[in-house]
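Please find one structure pasted underneath; my questions will follow.
Residue numbering begins at 1 within each chain, and the chains themselves are lettered A, B, C and D in the order written.
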Amino acid sequence: MCEFCLKQARSLKPSKSPWGPEDEIGRLNLITPESRAKVLASIDITQSYDLSVDYFMGMPSWSAAGDPPYQIWMTHTPTGNVNDDLMGVSKESKELISYSGDAISMYTHCGTHIDTFNHFGYRGEIWNGFNEKEHLGSRHWTKCGPEKYPMIVARAVMIDVAAAKGVDMLPESYGIGEEDLKDALNKQGTTIQEGDIVMVRTGRMTVWPDRDKYLTNSPGLNIEGAEFLAGEGAMIIGSDNIALEQNPSPEPDNYFPVHTYLFSEVGIPIIELLWLEDLSKAGIYEMGIFGTVMPLVGATGAPIQPMAFPIKK
Amino acid sequence: MCEFCLKQARSLKPSKSPWGPEDEIGRLNLITPESRAKVLASIDITQSYDLSVDYFMGMPSWSAAGDPPYQIWMTHTPTGNVNDDLMGVSKESKELISYSGDAISMYTHCGTHIDTFNHFGYRGEIWNGFNEKEHLGSRHWTKCGPEKYPMIVARAVMIDVAAAKGVDMLPESYGIGEEDLKDALNKQGTTIQEGDIVMVRTGRMTVWPDRDKYLTNSPGLNIEGAEFLAGEGAMIIGSDNIALEQNPSPEPDNYFPVHTYLFSEVGIPIIELLWLEDLSKAGIYEMGIFGTVMPLVGATGAPIQPMAFPIKK
Amino acid sequence: MCEFCLKQARSLKPSKSPWGPEDEIGRLNLITPESRAKVLASIDITQSYDLSVDYFMGMPSWSAAGDPPYQIWMTHTPTGNVNDDLMGVSKESKELISYSGDAISMYTHCGTHIDTFNHFGYRGEIWNGFNEKEHLGSRHWTKCGPEKYPMIVARAVMIDVAAAKGVDMLPESYGIGEEDLKDALNKQGTTIQEGDIVMVRTGRMTVWPDRDKYLTNSPGLNIEGAEFLAGEGAMIIGSDNIALEQNPSPEPDNYFPVHTYLFSEVGIPIIELLWLEDLSKAGIYEMGIFGTVMPLVGATGAPIQPMAFPIKK
Amino acid sequence: MCEFCLKQARSLKPSKSPWGPEDEIGRLNLITPESRAKVLASIDITQSYDLSVDYFMGMPSWSAAGDPPYQIWMTHTPTGNVNDDLMGVSKESKELISYSGDAISMYTHCGTHIDTFNHFGYRGEIWNGFNEKEHLGSRHWTKCGPEKYPMIVARAVMIDVAAAKGVDMLPESYGIGEEDLKDALNKQGTTIQEGDIVMVRTGRMTVWPDRDKYLTNSPGLNIEGAEFLAGEGAMIIGSDNIALEQNPSPEPDNYFPVHTYLFSEVGIPIIELLWLEDLSKAGIYEMGIFGTVMPLVGATGAPIQPMAFPIKK
């Protein structure tokens, strides 16, 4: 096992990467041609699950600190094109072929997405010693963006904590710790392997897309639970809620202790807003996941639509 | 073979879908659990190719008609957070954990993306009789958006027209017709099967990302070539250029004849800005493709990062 | 007096303009060099009042129907410029001169702004017979935009309804009718003259910028009050609330009866989100207003920062 | 005369403000009730000139470093509202009253606008010792934004350098120095007074809105000319080109020497993209200007539409 992946105790300082001074992707280095082939050989592709949510006007997204909501708008409409002269083509042409176009804007942490290591750090420094002073440009970080990520083909485990506790959704602000995770894993009969994507189900998607119910005071992982999963060898940790971790933070001077620990100390990216409802209903806990991250150069997060295929019995 | 997929002669009118009055996805109906399983069984996953381009400031994109360029910007910076009060957390907390966030805006046809059927139609009507008057909302179409698309797991053929002609890139504005495609297929020793993603390589990516060289007067498919591929059973047609088809259009009153034909008449979506350079260098013409479309409700296009895995020998 | 300005009874149909078939500005035609000179001669410029609110992150704005909130973001920061290479200038140059730049996005009805006649109409038709089918482009209307407006130099009357009733703010959803307006005018000792900007104070700005308190269920003008002011010769009608009129609308099938009446029938633009608190405290009811409208071609609304100077005693 | 306003020799270091450690507006402190009254008494309001350009799709704007172009788009269309359900009102209501809404986005230096002191500085520090480390938030500067500006009512002088030299437009990249300015002032028979807005006409607007001709290699003020105008007591300096000063800069390690000097050393804001063509044709060189700056909290620039009224003979 990767020695680094055993590390777990929190230090509140960014780590140097065991994959070298240029490393920007942390544990995603665990993905290899062999690991992919192993996943491919194990899955039943006749069943498939889309673990992402749609992007739509009014969808809940992180907006407490002024981040913009998802927006889509038309840039061309069939009749509009005829009435304006943006296009430099003949009126006949505009009347014959009905052109529609649209544009979007969004916070990069809207919808099902992955967080990258530049999203959080400690005192101006992020994973592997990269830092604000030298590596933050006017528009984006120059290090640790999602365009550096490989295609994700990996084994995944879904830990259905809500189901293990017999509830639709965990209570508001509930903190999921080591025992909660172990208990659910036991009930499911599943184990975590090094390099797994570990997805923690809180049941929060049962209130989606009601923004008042979904966004604030979410149940989620606490720092103890995060240390446990990191120590078990998780490559990526995901959840069905807005920000993975218990909200509000129990630590007065650290409003996102799990994020800072996972990104800066143990090199684990996070996936948020996962749609785990269908997996939960089907009782599927082990699967192969295929996914690509939208390659937004330097971004702190990026959309991903993970495709899940159950492990063959 | 699907009878509809034999159809090819252009009529300049939208077709009714053979998959019924509610159909919004056309030939993507050809994807089934069985077709996916067949692909999975055939590929060598130890080799992988990412067919998408990165999103970055200044990247070439369609802007001739006023559509917005790709933009990314910071919404939170570590030091900025300390100086402003957007967050409602303590100064100590803001100083300890360095939060960065960013947002993007873009035309939905920026970067490697798929076009949906509401992108073009004839005289206000699109695929399967959906129309501007009843199905265009203030922000987006209510029909034929990419959120309706299934996960794409399909066989694909790359037709390397540029290589077949022994050039790095086809001449400016060159129109690729039936003979060009047949000739390249013959040289490659490949055939098209019903349900294939067919990707036509013009070599245009050899000048990427030089916007002056990449965007205008692109070589591309002509209507004859499009009719041929449709008749061979192509499920999706893609290319490495900005808009698939020859530019400028040879038809004075139809500036996008291939788009209108493929979307409205034969139900074939288009993928543009494909990165085919690595496949071309490796001489890989047949592969399995895994991909998910960013589920932008109602949009006329959406980002996709196709993952290609060669067919096992 | 302008005969048209006496008209007041609601018909629920757009009017033809008395200023001719090309007219796009309605009663703003009442502004003439002579009317401006008269205003200039009457004011005391040593006292000045800014009637606009600032644009800032988190400011209340109309968002119930998905319209985007005010956003500002950096496009260049001094240190960021040094770390990225967007600029094509030397590193020494970037280090010496510290360049900052920023961009904004907003709904055009955010902050103190004027509404234009294309903002509302009846059954696809707006003021003077312009209509959606012929005059709405892909990006904006081609008629009745604020770029057509003249510089506004006009006499104005503030009707302090809240003060006349002895309250800080009128009750939630209160509808201001003819008697309320007449009563306040009498108490103030002021009269409306043809061509006046009439500003109705509800006291809503006393809860600014608390979005929960400011936005919904606002007191405001009712249709009777609007007909009265139109009949008195008002050229523009403004208020200190989010949408001038009483909210919610008392008419089940017309959620903005005052807007449709003023724009489509009597040719009166509206100014919203006026800062009238200082005028109210100073007891100033008659003044000259200077203002320019941000010339956003074809827009449905545009920012304005009215400068008010009291009429000399 | 204000002693500070005599200062002119460049030091390449930010100055402390003579108006105290809290000052964020520099020479705009010269505006007083008395100075406004003097202007009011001197102008002929029957003639009026709008010195601003319209905002429209495709308008030339600064985009060389990735800043976004002006965009406007519909957020509501009459028919679109009926087809979607963003509004929560009845279908009858949506059909009866035709609601249109739109939104904009833009670089704050687009169109006729004023630059604020946080736009440029030296080595991380701006006017009066404010600095990036302490005063740059995530979204905008916390110091020197346009919301701090008073209403601008001031005397203005237009120096028509192009006319003085008998050309429509000065040659590409021409640097306007002290002698050019003095010569034009002499020919016009005008003098600069302390507190004046000084507007330098290069004739660049004669090629507006041709972006290829307008944007790059503009004639403009050089540092010598800027020092002269500062020493004469100019309160604001404006021009009809994209960036006031000669482009490209003659100084290899300072691509905007006039900006840095005016903002950081002598406390003079800049107005760009002024429409001076009508003034030039009418031979009007002295006037009163009324204007308000769009109060974008903390921004580096903001739209302004100056209204000019000639000085009475």
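Rule of thumb we're sticking to: a contact is a pair of C-beta atoms (placed from the backbone, for glycine too) under 8 Å apart; a residue touches a chain by one contact, two chains touch by 3 or more.
Quantities reported herein were computed from a predicted structural model and do not represent experimental measurements.
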> So which chains are sitting against subunit A and subunit D at once?
Replying inline: B, C
> Along touching chains only, what is the step distance from subunit A to subunit C?
Replying inline: 1
> What's the call on subunit B versus subunit C, same or different interface residues, using the half cut on shared numbers?
Replying inline: same
> Between 0 and 180 degrees, and as a multiple of 5, what angle does the rotation take that fits subunit A onto subunit B by Cα atoms?
Replying inline: 180
> So what's the Cα centroid distance for subunit C and subunit D, whole Å?
Replying inline: 25
> Which integer distance in Å separates the CA centroid of subunit B from that of subunit D?
Replying inline: 43
> Tell me, which residues of subunit A touch at least two other chains?
Replying inline: 57-58, 66, 68, 73-77, 79, 86, 103, 105, 136, 138-140
>> Can you tell me which positions in subunit B touch subunit C when the two form their complex?
In response: 57-58, 66, 73-75, 77, 86, 103, 139
>> Help me check something: in the complex, which residues belonging to subunit B touch subunit D?
In response: 57-58, 66, 68-69, 71, 74-77, 79-81, 83-84, 86, 105, 133-140, 142
> Of all residues in subunit B, which touch subunit A in the complex?
Replying inline: 12, 33-34, 36-37, 39-40, 43, 45-48, 50, 52-57, 64-68, 72-79, 86-90, 92-93, 95-109, 111, 118-126, 132, 136, 138-141, 147, 151, 153, 252-256, 259-260, 290-301, 303, 305, 307
